[in-house]
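Mind having a look at this structure? Questions to follow.
Chains here go by letter, A, B, C, D and E, matching the order in which they are written, and residues are numbered from 1 within each.
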Amino acid sequence: MADETKSQSGQDGADSRPRAAGAGSKVAEKPAAAGKPAAEAAARKPAPKPRPKPKPKAPPEPPKAPEDQAPPDGMELPKMVTAVQAGAPGAVQQVSYWVGDWTVIVAVDRLLDVMRFLRDDDSTSFDYCSDVTAADWPPREKRFDVVYCLYSTRLRHRLRVKVRVGEQDPVESVTQLWPAADWLEREVYDQFGIDIVNHPDLRRILMPEQWQGYPQRKDYPLEGPGELLMENPQDWLRVRNLPDEAGAGADADVEIE
Amino acid sequence: MTLEAPRASTTQFDTDELVINMGPQHPSTHGVLRVVLKLDGERVIDADCVIGYIHRGIEKLSENRDWTQIILLTDRMDYVAAATNNLGYCQTVEKLMQIEVPRRARYLRTVLAELQRIASHCLWLGTHAMDIGAMTVLLYAFREREFVLDLFEEFCGARLTYNSMRIGGLPLDIPPGWDKKVLSFCDLMEGKLNDYETLLTNNRIWLKRTRDVGVISGDEAIGLGLCGPPLRGSGVPRDVRKDEPYAAYDELEFNVPLGTRGDTYDRYLIRMDEFRESIRLVRQAVEGIPEGPIMGKVPRLIKPPAGETYHAIESPKGELGYFIVSDGKSTNPYRFRVRPPSFCNLQGLKRLVTGHLVADVVALIGTIDIVLGEVDR
Amino acid sequence: MLEITPLHYSLLSAALFMIGVIGVLVRRNVIIIFMSIELILNAVNINLIALSDQLQDLAGQVFVVFVIAVAAAEAAVGLGIIIAFYRNKETVNIDEIQIMRW
Amino acid sequence: MLETIVVPLAKIVVLLNAVLVAVTFLVLMERKVIAWAQSRLGPMRVGPYGILQAIADPIKLILKEDITPRKADKYVFTLAPIMSLVPALVVFAVVPFGPDPFYYLSDINVGLLFIISVTSIGVYGIILGGWASNSKYPLLASLRASAQLISYEIAVTMTLVSVILTTGTLSLVGIVEAQREGGLWFAFVQPVALMLVFIGGLAETNRAPFDLPEAETELTGGFHTEYSGMRFSLFFLAEYANMIVISAIVVIMFFGGWLQPFPNVPALAFLGFVPPWIWFIGKIFLFLYVFIWIRATLPRYRYDQLMALGWKVLIPVAIGNLVVTGILKVAL
Amino acid sequence: MAEAIVFWTLAVLILGLGIAVISARSAVHSVLFLVVNFLLVAVLYVTLNAEFVAVIQVLVYAGGIVVLYLFVVMLVNLKKAPERYADPRRVPWTGTLLAGAVLAEVIAIGVYSTVSSDGAAATGGGLGADTPFSDCGSLVSCNTEQLGWVLYTSYLIPFELASMLLLVAMIGAIVLAKRHL
């Protein structure tokens, strides 16, 4: 097993590009791994041993989460944004505008207040929860953006609400406001491992019940023996990133399969 | 059939609760959906959907493909409506890059999307009717779907996974004479729709099986996040094509059919009306196709600036949303998220089936029109 | 032996009757006890039919019709009771059915 | 000796073979008719226009592996298909194909009751098949099926009583003769009864729209989900043999059995050149065609609706029909 | 001769199946033996010229009542042996002896009565001379008609009472078995 993992680490080290490590990985990975000589590749592997392994993609510098662009000067804030700023004072940390979408960034501890206001207030009236999802920005201390896409079927406007949370921070579930969030939050938990509290039924949804690790995180190993990925991808990460195998920084080849 | 609310708790002495697994290998779960049903006699008291059997990690996969390659992956989500998936994705990227799509391309996209809606609804109609036991409608509907597939084949060479759009426009212009064929298909389809309706709409058994089955109120449907025909069946006037127009929809005339009772029969009628609206849209769009280029000004290297956006379109199943984050540096998206309408509609299944009979479960799975490729991604 | 008289039918009936009685006494499954009762009723019916044939009197057959009606009623009510009981006590063992209320 | 043993035996052999062959071709007919209804061609590969498919299908079924699930009750599992087929075949003992004793095996004076009682035994095959499979879906389906069969049996029997009331005989030959003497098929005398028996017959043979016991989209395969090979084909045979039985009953009771249309009208006497048994079989196949046609057209009832139809519509109407028949009989 | 063969075959089978009914391990098997038993009893009725009763036996007993039993057996399907608990006060073999005594008594009476008298005379109160079936001759040819006649004349009141009984039983069974009225 160990040999196998090492030889595979070779190719993997060459481009620590993320790759879907879904249920199919077991079959898909092995033939791919056989290709490259282990040693050469292992030599190029950086050694970030702590768990939040630096971002996967552009090794030279971690991709900073792009700034949430502020609305251009002179642009008037729409009523829904001003209403939430007034309705939940201090909760909105930042307002952002990009290609026509408005986003409010909210403190995680005030999330439920803001959401309740957004749903119940007449000027916002966001009765429809389109989507709940997240994005992972590993080097950041609060690495996850949890994004709620809201829509109002009465006023026909959209707003995104975003909270930034760290790995251990709990996020209050919004299922009590929108039952629609049930499966969406389960998926966020399933794919990112974000701790959603007060969720009625927090289980894995897309991945098998006994799956270890959270596939949509950027540090999730993209290749490797399926059994190990299934049992404990973090072990696989450690094996792959053993210090003695560390070499120069990996190049940033973005290989497309 | 009276719709009684699920009993709060069965009496403690009740012993004949039966747990049965419907699927993942079951002829009417439309793929590999597994529904764990808890039954009291034949009445469902609880249902739990187990999904993920064909989870392929398309979201994760897309984060490692360049922007154009992802179009191909979107085909594989709702594989019975691949063109609308392409459309939603391309429009999201165009929104991120602020690319102007030429008018001709927008019209053609509308034609493709509406043809796709007809094909998808054909498949829905056939399988839904088959689930309820009307086997002939299945073959009729598939026969007409075949014509749509022929049109697509002529347009892009593929019959199921089309890869039919590009960021900024379309890869190909329509072949000569294609528009005539589309129009004659529209005429044909209208006649065939009457055939379907003759077989089903006023059929007493069909009415008995669908009327007052799976009733859901508008507010509840909104709360559950239902979208598309299930939401409109409850009388909520929500159609992305109308509310947030894209492609050429703001220049075309169409109605959004709405239900009144929110039951399976209403959802059936709505989809039948949507067939007609789609035909109307296709006619208008085909007749109004302007001359001009089919590709906008797209940089050779597609690399949207850093930023994120959420964009939704009305796929045959409902609101198909794409949430895409670009870090502005690489040639692939940093985060690619699909808001699949089937996923959100399937979430409502538990609410719909509770209190109904086992036989209704198949009718209700049919009525929400799921494609597991999209649910699991 | 070769001459079949009503006595033969009576003996057959008696033997079947005894089997039924043994079933009632020996088995503890209520359903099987009910079935034994059906056997007993059938034993009686055989007797009635045989004698009806012998005496050329239809009264025996009429009686059998009534017995069948009674058996149907008995089965319906008896099995209803069994179902109701099973639902509450999860047993059909007659030795466990000994309390008058629950 | 010849009269008491050889001739009946020969008749039995001919009859059984005829029924079984008819069943195989009935399956082909069903596939073809449904295919045409659905603008398809149906089986075309085996023989000209797929005619030999009727032979290929049974061969395939017989050659298939016959699986017994490990946890099944082996004896009952084997017994169930037999219990389902035998009653369906036994019924043909009293079905008259023509007016002379040559055309039937026996004409007993309780013929109709015999048919009713024997078909009521067929339900055991279904219940036991579902139970012995030791699997949930078949069990559910078999409970459904047996409840369905028993319910509709009541309606059908009740309706047939009103026909008996009209004829005053339980003998099938007698019933047909009564129609000849009356000059009218009972379809015209008892139209309500005809509808009831036909609907009840659809339900009793588990045909669409009452094919719940084998609703493949709901219960995957119904009570015979776990069956395969020869044992499955026995169930299959039983179902189609039952279709023929029900058609035969309808034809005998309401469409004059072997009689030509309007047997007493002299203008139609030329129809007499067609032998009686051809009339009989032709009428049976006409009804089989209707069975298939209905299957291609209608969706399926739900279980509770089916029971409601049986108990709340068919049985009251049957009783009403009986009462009206009785009153008319006394009054006229 | 033929009658004897038929009788003895049937008798042996009926008794054997009766024993099987009460001794089968599985309740479903018991029910199956019961069905076959009833069918054979119906055949016995046919040999005794009671065709109508025979058919009714098949229709009602085998096709109806026993299906009901089968239903109940399946509903309370006990994978575990249903007889695990025995009341300590139970003395089954005494009961069997008692039943044997009853059988012996019946045999004694039977033997005694055959020896002492030459069969009861056919003094039936069956068919009066005014029945429309007096031309039927024996019971054999039109058993059903005659039985119907008797049922609806001499036994009309019991017949109606039986229908009341069935109605009551039906309602009773529904009330008992339905949980939520």
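The working rule: a residue touches a chain if its C-beta (ideal position, glycine included) is under 8 Å from a C-beta of that chain, and two chains touch if they have at least 3 such contacts.
Predicted model only: the values in this text are computed from it and were never measured.
**Student:** Would you kindly count the fewest steps from subunit C to subunit E, each step being a jump to a chain that touches the current one?
**Tutor:** Minimum number of steps from subunit C to subunit E: 1.
**Student:** Note the connected groups of chains, using the touch definition above, after excluding subunit B.
**Tutor:** A | C, D, E
**Student:** Using the touch definition up top, find the fewest steps from subunit C to subunit D.
**Tutor:** Each step joins two touching chains, and the minimum needed here is 2.
**Student:** So which one's got more C-beta contacts, D-E or A-B?
**Tutor:** Most C-beta pairs in contact, of the two: A-B.
**Student:** Farthest chain from subunit E, going by mean C-alpha coordinates, please.
**Tutor:** Most distant chain from subunit E: A.
**Student:** Let me have the rounded angstrom distance from the C-alpha centre of subunit A over to the C-alpha centre of subunit B, please.
**Tutor:** Centre separation, subunit A to subunit B: 27 Å.
**Student:** When the C-alpha atoms of subunit B and subunit C are each averaged to a single point, how far apart are the two points in Å?
**Tutor:** Taking the mean C-alpha position of each chain, the two centres sit 62 Å apart.
**Student:** Averaging over Cα atoms per chain, report the distance between subunit B and subunit D in Å.
**Tutor:** 43
**Student:** Quick one: which residues in subunit C touch 2 or more of the other chains?
**Tutor:** Within subunit C, residues 86-87 contact more than one other chain.
**Student:** Do you know which subunit B residues sit against two or more other chains?
**Tutor:** Residues 14, 16 of subunit B each touch two or more of the other chains.
**Student:** Under the touch definition given earlier, write down the residues of subunit B that touch subunit A in their complex.
**Tutor:** Interface residues on subunit B, with respect to subunit A: 51-52, 55-61, 63-66, 69, 95-96, 98, 219, 222-226, 236-238, 243-244, 306-310, 312, 319, 321, 323, 325-332, 334-335, 337, 339, 343-344, 346-347, 376-377.
**Student:** Which positions of subunit E touch subunit C when the two form their complex?
**Tutor:** These residues of subunit E touch subunit C: 1, 3-4, 7, 11, 14-15, 18-19, 21-22, 27, 30-31, 34, 37-38, 41, 44-45, 48-50, 52-53, 56-57, 60-61, 64-66, 68-69, 71-73, 75-76, 78, 82-87, 90, 92, 95-96, 98-100, 102-103, 106-107, 110-111, 114, 119-120, 122-127, 138-139, 143, 146-147, 150-151, 154-155, 158-159, 162-163, 165-166, 168-170, 172-177, 179.
**Student:** Which of the residues in subunit E end up touching subunit D in this complex?
**Tutor:** Residues 26, 28-29, 32, 35, 39, 51-52, 55-56, 58-59, 62-64, 67, 70-71, 74, 77, 141-144 of subunit E touch subunit D in their complex.
**Student:** In the complex of these two chains, what residues of subunit C are touching subunit E?
**Tutor:** Residues of subunit C touching subunit E: 1-12, 14-29, 31-32, 34-36, 38-39, 42, 45-46, 49-50, 52-59, 61-62, 64-66, 68-77, 79-84, 86-87, 91-93, 95-96, 98.
**Student:** Quick check on the complex: what are the subunit D residues that touch subunit B?
**Tutor:** Going through subunit D, the ones touching subunit B are 34, 37-40, 136-137, 140, 208-209, 211-212, 215-218, 220, 295-305.
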